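One chain, subunit A, appears in both complexes that follow, with subunit B as partner in the first and subunit C in the second.
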Partner chain A sequence: MSPQTLSIAIMDAPYESANSTTALRIIHSALNQGHHVHVFAYEGAVNLTMKAQAPHANAIKGTTVEEENHPTTKDWITALFQLAKAKGVTLKWVNCGLCVDERGAGDWIDGVHRGGPQDFIQSVQASDGVLVIPTR
Partner chain B sequence: MKVLNIVETAYRATLEEQDDTILWLSQSFHHADVDISILLRGNAINYLVQGQTPFNLSFGTWQQTQPPALDRDLEMMMAKDIAVYAIANDIQDRALPSDRLIEGVLFIQKSEIAELFEQFDHVWHW
Partner chain C sequence: MTHYLILESRDPFDSADWATMQEMIINLRESGHDVTLFLLQNGVLIARKGTSFESHFFNLKALGINILADFFSLQERGIQNMVMDVEKSHLDRLIQLCLTPNTKTIWH
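So, the complex of A and B:
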């Protein structure tokens, strides 16, 4: 199959819902199969790419940071950017600028860009498929 | 202080958190000398099913280890003398097989919830 382009809009903040993990799994699958993915992160989803996210130990389980291997969404998304590069496809990630401003959430990992609803509409017009994953 | 934490929302970001945040919080309260108990209701009663096996999660080259183990977390809590209650009607509604549930859970009927609440200073529905 020739490369297709998938646009995905996501809304959930990290550590709040299974939606964000599901969205990232879909993105992984699309990239891994050689397709381009455009992500529009809206509302709390702009926090998925915050550079300052850090793993922690688990005092309840008695595990260290290394043993716990606590995930951060910014590391997962960094891995997705690396996967896109390895596959020779594009992962375009746009964070809603107004959502970023109201949350003070502007320090992101490399590869993430500021944008707005118009970017999502342009991506939709250029895409073969569109998936909106709303929050609940 | 006796507190009953009611857990109803199940599998909420448990893959990212590596546990259920309210079960984790309850254990933290326990360590702070709160006499804590848990009531599982709704979809959260699925936490009682033994042998839950989260899939291997990976993103690109990132291999996520240490998946959540909610049934074992509950067993660990009961081993610390944290009482775990569950609403039997919710188990029956979902036809969960009783022989696959972890042991040591205190089952109550919905009609007994108010009576249970009377045993606690605080009841927190998360």
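So, the complex of A and C:
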């Protein structure tokens, strides 16, 4: 089966909504099936790729950082880039520049690019399927 | 005709416009389009056997609407016994449907 391209636009900030987890699962599934994925992240979703995210211990549960093993979205997305590379397909991740500026979210993991709505339009025009996940 | 893939992430207990969305789904089907309803996140809550929505799913199925539910979402919510007209599925299938030619995907 030749690879197809899925464009996906997301808006939810990390840890606030099940939408973020589902979006990452959808991206994972598409890459795993050998398809290219173009992600346009805007509003709170630009925080998904912030390099400074860090796991933490949990004093209430009495766990250390290692025991708590708290996931971070930037690590999950790094893993998605690695999956794309292993599968020989493209994961293109664009953060909306204006949303990045408003949130101070400019220090991101490798593989992410700054862009704008035009990037999303161009991705849509080049894609076989498009999914927009709105926030509430 | 267009194939509409409706991704329903909300449930009628929490979402005031869930019913409107279902109305739209029926209208799309009655207009001659193919429609697949894919339940995920809290959208699977009413796929549990015994809710008052069993007849709703029966009616959708009778119209020729295919109804799928994300296995992961079902498992998270401890839903094992499902309404007969809803089929357990997974996101791999969602991707396949989304990438089917002439498909428009709508998330609610």
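Everything that follows uses one rule, which is that the second predicted complex is superposed on the first by the 136 of 136 C-alpha atoms of A that agree within 3 Å, B and C clash if a C-alpha of one lies under 4 Å from a C-alpha of the other, contacts with A are read in each partner's own complex, and residues count from 1 in each chain.
Criterion: a contact is a pair of C-beta atoms (placed from the backbone, for glycine too) under 8 Å apart; a residue touches a chain by one contact, two chains touch by 3 or more.
Worth saying up front: this structure is predicted, and the values here are computed from it rather than measured.
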Query = Should the superposition on subunit A be reported as showing a clash between subunit B and subunit C, or a fit?
reply = fit
Request  = Can you pull out the angle centred on subunit A between the C-alpha centres of subunit B and subunit C, to the nearest 10°?
outcome  = 60
Message = Which partner chains sit in contact with A:18 here, subunit B, subunit C, both or neither? Use first/second/both/neither.
response = both
Message = Looking at A:58, would you say it contacts subunit B, subunit C, both, or neither? Reply first, second, both or neither.
response = first
Request  = Considering only touches as defined above, state whether A:6 meets subunit B (first), subunit C (second), both or neither.
outcome  = second
Request  = Give one of first, second, both or neither to describe whether A:76 is in contact with subunit B, with subunit C, with both, or with none.
outcome  = first
Request  = Check the residue A:131 against both partner chains and state whether it touches subunit B (first), subunit C (second), both, or neither.
outcome  = second
Note = Max touched-residue count on subunit A (subunit B vs subunit C) belongs to chain B
Request  = Quick one: classify A:29 as touching subunit B (first), subunit C (second), both or neither.
outcome  = second
Ask   = Across all Cα pairs of subunit B and subunit C, what is the smallest distance in the superposition, given in whole Å?
value = 5
Ask   = What part of subunit A is shared between its subunit B contacts and its subunit C contacts?
value = 18, 25
Ask   = Along subunit A, where are the residues that touch subunit B in the complex?
value = 14-18, 20-21, 24-25, 28, 31, 58-61, 63, 67-71, 73, 75-80, 82-83, 86
Ask   = What residues on subunit B touch subunit A, complex-wise?
value = 11-19, 21, 24, 27-28, 31, 57-62, 64-66
Inquiry  = Show me the residue ranges of subunit C that touch subunit A in the complex, using the header's touch definition.
reply    = 7, 9, 40-42, 72, 90-92, 94-96, 98-101, 103, 105, 107
Key: Parts of subunit A lying in touch with subunit C, wherever the complex brings them together   = 4, 6, 18-19, 22, 25-26, 29-30, 32-33, 35, 128-134
